[in-house]
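Structures follow.
The same chain A turns up in both complexes below, where it pairs with chain B and then with chain C.
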Partner chain A sequence: MDTAKHYALIVGLSQYPSVGTLKGPVNDLQDVSDWLTKELMVPEANITRWTDTPKLFRRPSADDFYDWILDWVEKAKQATGTFPLGDRLYVYYAGHGYNATTGQQSMIMPRSTPETWNVVPMVPLRESLRLRAHFQEVVVIFDACRDTLGYGVDAVWLDQPQAALNSNQVRVFSAFASKTGKKAKEVDFNGRWAGVLTQAFLAGAKGYAADENGVVYANAMKRFVIAAVKDQLGIDYEPDIDDGSDPNDPPWPLFQAARKLPRIVIQPVTVTSGKAAFRQILTGDTVEIDLAAGTQVKEVPYGYYGLTLPGQAEQKIIAAWEEKVVQV
Partner chain B sequence: MEMDLDHVLDIDEGRLVSDRTAMAKAFANAGQSGKPIIVHFHGGLVSRNSALAGAPSMQAFYQNANAYPFIPVWKTGPWEVAQDIWVKIAAEALFKILVDRVTGFVHARMKDFLGTRSLSMERALGKVTDDVLAQSSTGNGDFPKEFLHLDVNSVRGDPELELKAFQEKSVEAAVRNDAELNRIVDAVLQGADLEVDPGARSVDVARATVPIESVADRDALLELQGDANARSLGIGTALAVVTIVSRVIKRFVHRSDHGLHATVVEEVLRKFYLGGIGTAAWSKMKEYTQLAFLPTTLNAAGTALMEEFKKLPPAQRILLAGHSAGSIFICEFFKHLDAGGRRFEVVFMAPAVTTKLFTQTVLAKQQLIASQVGGELKFRMFSMNDTYECRDTLVRNVPVLGDLTWFYPRSLLYLISGILEQEDDKEVVDAAVLGLQRDYDPAYRSAGDAEIVAARDFVEGHGERRVWSVQSNADARFQSNSTSHGGFAAPMAGNTTMESVAAILKQDW
Partner chain C sequence: MSKFESLPVMRLFTQSTGGAAAPRPVTDYSLKVDTGSSLAEAFVIGGSFNMVARGQGKLDIRLPGGEYLVKYRTGDNYAEQWITLDKDVELASSYAPVANSAAPIAESTGWSNEESMFAEQLRGQHNLSIVIRDRNDIPPADDVRIRRTDGATLALLTDPTATGWTSRTESHVLGMGGNVTAGGYVVVVSTPGLRPYAMPVWVAPNCSTQVFMERRTLGTGGKNRRGPHLASASILIATRYLDWPRVKHLMEMTDAAKSVLSYDRPIVPEEQEILDALDEKFSCPILGLLAAHLLRLKYEGLKAKGGDASKTETLLATVVQNLARLMPGSPDVGALQLAIGVPVSADFSVPPMLSHSWAILVDPAVSVIPPNSYADRVRAAVCATRPWLIWNKSKMTRETTPANRGKRTITVDLPPELRLAASQLGKHLTLSLGPDGRVILSRRQ
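Let's look at the complex of A and B:
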């Protein structure tokens, strides 16, 4: 993976005069930026960052996205090759979002008011990039709400590119923070607010979704992020992720990172004697835990586990984040 | 009912209507008795008839404390019947649905504020039923966390909580499509003979079939009708709801809320029932206490009292006791006292006077409060601690209905603070009231205001000057077990507030 040929547009918007302020997107932007430059070693020059622009907060706007696409179009004219501009393009957005009644999920730009909307529909933008096939891979992360606004405008996307001959070879990984009609969440991560989808994605990319060979495949990333979001927000929350892979496709390696194992810390508090059964649900592998031995730490691959205490029904545990404390 | 003119003074709109000569004779008797004199001013929710009916037992209670009592029965005017209208408001479909909808929207805003990245205000709260409201009233005076699934304390004071244009739009869109709410509004407008134009209704909202009579303010309904006809019924209703939701949220931002439940009720009342809830009546009652001391008032009762006090032997103790609005009467009394005159002992029970009036009157003339040998002033306030104040359901013992736990979850003092205390030139919310312990909290929104600081220093700065019920004490003069606003001044054995007053009369301070 030659990350020198990776490019990114990362957008984190916290200030919206007509909508309200978010605490997380600017932090998310910083985290994604750090991950790209310090861990993936994507060249600084390959990254475009857009964030709040005081005092009027009128940028970025939909026009900036069109300009950004036109810039790629101009560069592509000067380039050659099957995928002339690079191996991968990241499009990351954290901020306010919504679904129009047609189900079209959109980024809302800060200049929007209920009378004057300025929005960018994410899927048409993604398709604009895929159809041009400037890049071999596109990774889209949309950490914003998708709740349906009855009064919301159904944005028209004014970019209508001809499909490049190899556009069907472009692989696309898309992660939306919620299913259509649902909201995205940001929470306090140890005193710092951030988007749950973003943090789950970064955790997976940094190794928690990696296999024993240090590869994070797209399908594993999908499973990991869903588990991590559910663990953080509850079983009712589920991100909407397309791993870009059909069943017969070869695995798509997204990232390389040393494998990290989540820790499950079992603390006997009220049940302090007897044996508990700790089971990996996917494989059925079960180990016995002596509760009288006090607190025990299990480093396990991410996923779903079951803990059965003496005389009780099995309780589900999700392993995804660095550490999960389970008091029994 | 025949009055005992040796002890009862009949006052109507500030005028003494009982016999002035009999009053002078009674005070002469009091002076000759050598006993401590107590003048007990009842609260505002006590009607003249019930005050007259209760006067003998009050009189007997104080006589048993070896005092010479005077019981001014002062007519508090329309305020006396406020409770009757509260019962009607509480039963109204319009009131109930507004409380439900406003609570839902405010909750949605708070929930979104705590970490969602959306523009909308989708309701996530269960229906605010009578049972839910009752649970709030009988618990801690607010919706439990288990119902809200959030802690309102975590959003209080954050200016970012305020509604922005998109949230207002979201509320507006939801209300426009709220067929149940719009049907009730339609019915209420019909019931007030304020029918909307046929074209004001959406095509999918049928005209309400049965008009509803409402005690909502006519001005508010006229505004609703005007907005409905100018735009549509749905938008007219939406504008009103947006206003209420916005006000509730602003109060959380400015830390002037009284919890979610009480604040929602107060703001619904402010928008639609300001007349019905008794704001004008409350102001009128206060005006009567002022009239009692004006030279332009014929037979001004307060002036007559001052004249009689001057005739009493200088060493004779005079204790002025005021329950609830009775404290306002005493503050007006202090306002008109001569600086060099005699001194008075003061007991307040659940005083409904604002700290503003208190500091301008009693505090400004505190040299006229009698003092003990050591110089400590003879002043004591009995009031509920905030836990009990929040639990004290406003409307109780309604025939057939019992306690209206679903109407307003907190005490009368909270209602006074939240909505009844108004000033001519500005809208007041969360007025500082002397008997509300909350106002003495250093975290209170106006804790730094000069009048609050002065009142706090005077009352809280001296432990012997206040008893926050429930409080037990080996010394019988410092007890209170009152857990309801009305309970403080009940002259009966077992009411340790009144027993404390009796002990003060018997043992001195």
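Let's look at the complex of A and C:
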């Protein structure tokens, strides 16, 4: 994976004068930026960042997205090759969003007011990129709500390119924080607010969703992120992810990263003696945990586990995040 | 940094998480899941989050013994249960969630038998009726109107007798019904202090159209009021003379299909259920309409992945043909005819009921909505709702009449997609066409 040929547009918007302030997007933008530059080693020059623009907060707007696409179109004219501009393009967005009638999941730009609606529909934007086939792969992350707003105007996307001949070869991974009609969530991660989808995606990409060989496959990433988000927020907050692979296709490697194992911290608080049974659901293998030994940290492959305390029914545990504290 | 950083870490269960290969030989067992609805899905998830099986309606599979998470989905309602497969297992439908509904589809939605029968009597006596339920109170007569697209009010819930309609209350349910000629109508809900919203409904020959709404706390622009919630309405269009179990089944199916379509799941009812809904004597055109859009989603999904879509395409064509017979003139049916490329016979001056139909009609490549028609004037006011098409009535474009033609009405000369874009530019900017046909962006005077 030659990340020198990876490019990114990353957008994190927290300040919306008329829609409401968010706590997480600017933090998420920083995390995604750090991951791209420091872990994936994507060149700084390949990354476009858009964030809050004081004092009026009227940028970015839908026009900036059109300009950004037109810039790629100009660059593609000068370039050659099957996928002339690079191996992969990341489009990341954290901010306010809603579900438009025809455009569906749409970014709300900060200059929006109920009277002056300025939005960018994510799927048509993604399709504009896919159809042009400037990049071999497109990774789209949309960490925003998809609820329906009574005052939200249906979004219109005026870029409708002809499909390039090889556009059906472009692989696309899309992750949306919630399904149609649902809200996305940002939560306090150890004193720092961030989007749950973004943090789950970053955890998986950094190695928590990697296999023994350090490969994060797209299908593994999908199931990892879904489980991680549900672990944080509950079953009603399942993200909407398309891993871009057909069930009959071989797995598509998304990232290479040193494999990391989630840590389960078992912290006896009320049950401080006796033995607990800790079981891997996948294999049924069980180990005994001496609760009198105090807090214990276990590193395990991601997946479902069962913990049975003396005289109690088994409780299920999801191991996905870097650390999960289970107080017993 | 974690406060547990200094503790020793023990690594457990280091074997593969791939899930495809079981770590040791195990016996296979049968797992049968019945979700109770052909529109509900069941997923079986393995210990490393991997999906090992998926089914729609029913699932019948053999799996290696072990523990699995069974996930149910109806539209966007979920339920989960863990199962141990150490013998053959059959799971009944009681765990699967029912679709969200404002209609009396199930005891779990809280309707009393008297309320359900009251609604059904209203449906039997009138070919167009509105039923409003308040879970906590006796519903007051809200400002709910049924209008024709020429603006005339046909019925007004606050004073139904003035328009020849009947209105009655049964416990927590208020209903209003009347008889109208087949065609398109508009339901307008105005809650004091909030914007008025409108939704089209279609009345089909020999059928009764019934709109169910629940009173909820509504809010726009920081104001909260209680009133009928239009976007979550349940709508039944079905033959008038059916027995209650059949009506209830059709309501369940229709609301499940509505929920699935709202979330763009390409999940289609069983073929026989669709064909039954289009049967001349026991028809339920709204279920056929929702199923047609679901078939279309499935068809497009299959086509995009290079799969065999011919069976779906044939069924879709049959459904659309039958719908054209049951709902003559309906713009929803016309949109489907356009989508599958068959001759179109529809009144596109009336907005369709479904936002999925609307998306077809406003495609710049289609351009079938007559300029200055009611449907055309709705364009800039459409809200982001699913699956019903709803608009903010106060944002509708003014009708162009001989008296106001020429006075700031230049936007009617723009292509539809530019008019929509112009409406989103706000009050300071405007788009217009120059004499050479070029689009001009200018500041409003």
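Note that the second predicted complex is superposed on the first by the 316 of 328 C-alpha atoms of A that agree within 3 Å, B and C clash if a C-alpha of one lies under 4 Å from a C-alpha of the other, contacts with A are read in each partner's own complex, and residues count from 1 in each chain.
The rule we apply is simple: contacts are C-beta pairs under 8 Å (C-beta built on N, C-alpha and C of every residue); 3 or more make two chains touch, one makes a residue touch a chain.
Model, not experiment: these values are computed from the prediction.
Undergrad: State whether chain B and chain C clash or fit side by side on chain A once the two structures are superposed.
TA: clash
Undergrad: Is A:57 in contact with chain B, with chain C, with both, or with neither (first, second, both, neither)?
TA: Neither partner.
Undergrad: For A:300 in the superposed arrangement: first (chain B), second (chain C), both or neither?
TA: second
Undergrad: Applying the document's definition of touch, where does A:98 land relative to chain B and chain C: first, second, both, or neither?
TA: both
Undergrad: Considering only touches as defined above, state whether A:208 meets chain B (first), chain C (second), both or neither.
TA: In the superposition, A:208 contacts neither chain B nor chain C.
Undergrad: So, does A:83 touch the first partner chain B, the second partner chain C, both, or neither?
TA: Touch status of A:83: no partner.
Undergrad: Quick one: name whichever of chain B and chain C touches more residues of chain A.
TA: C
Undergrad: Is A:265 touching anything from chain B or chain C once the two structures are fitted on A? First, second, both or neither.
TA: In the superposition, A:265 touches chain C alone.
Undergrad: Mind working out whether A:114 is in touch with chain B, chain C, both or neither, as first, second, both or neither?
TA: So A:114 meets both chain B and chain C here.
Undergrad: Which of the two partners, first being chain B and second being chain C, lies in contact with A:154: first, second, both, or neither?
TA: second
Undergrad: Considering only the touch criterion stated at the top, classify A:184 as touching first (chain B), second (chain C), both, or neither.
TA: After superposing on A, A:184 lies in contact with chain B but is clear of chain C.
Undergrad: Which of the stretches 109-117, 217-225 or 235-243 of chain B runs into chain C once the two complexes are superposed on chain A?
TA: 235-243
Undergrad: Once the two structures are superposed, pull the chain A residues common to the chain B and chain C interfaces.
TA: On chain A, the residues that contact chain B in one structure and chain C in the other are 98, 113-114, 148-152.
Undergrad: What part of chain B is in contact with chain A in the complex they form?
TA: Answer in residue numbers: 112-113, 115-120, 122, 160, 164-170, 173, 177.
Undergrad: Provide the residue numbers of chain C that touch chain A in the complex, in ascending order.
TA: Interface residues on the chain C side: 2, 4, 7-19, 23-24, 46-51, 66-67, 69, 71, 76, 78-80, 82, 195, 197, 220-221, 231, 262-264, 305, 355, 358-359, 362, 364, 380, 382-386, 389, 392, 417, 420-421, 423-427.
Undergrad: Touching chain C in the complex: which residues of chain A?
TA: Its residues touching chain C are 98-102, 104, 106, 113-118, 148-156, 158, 160, 179-182, 211-212, 223-224, 226-227, 235-236, 238, 246, 261, 263, 265, 278, 280-285, 287, 295-304, 306, 316, 320, 322-323, 325.
Undergrad: Taking the complex as given, what residues does chain A use to touch chain B?
TA: Those residues of chain A that touch chain B are 16-25, 94-98, 108, 112-114, 143-145, 147-152, 177, 183-188, 193, 195.
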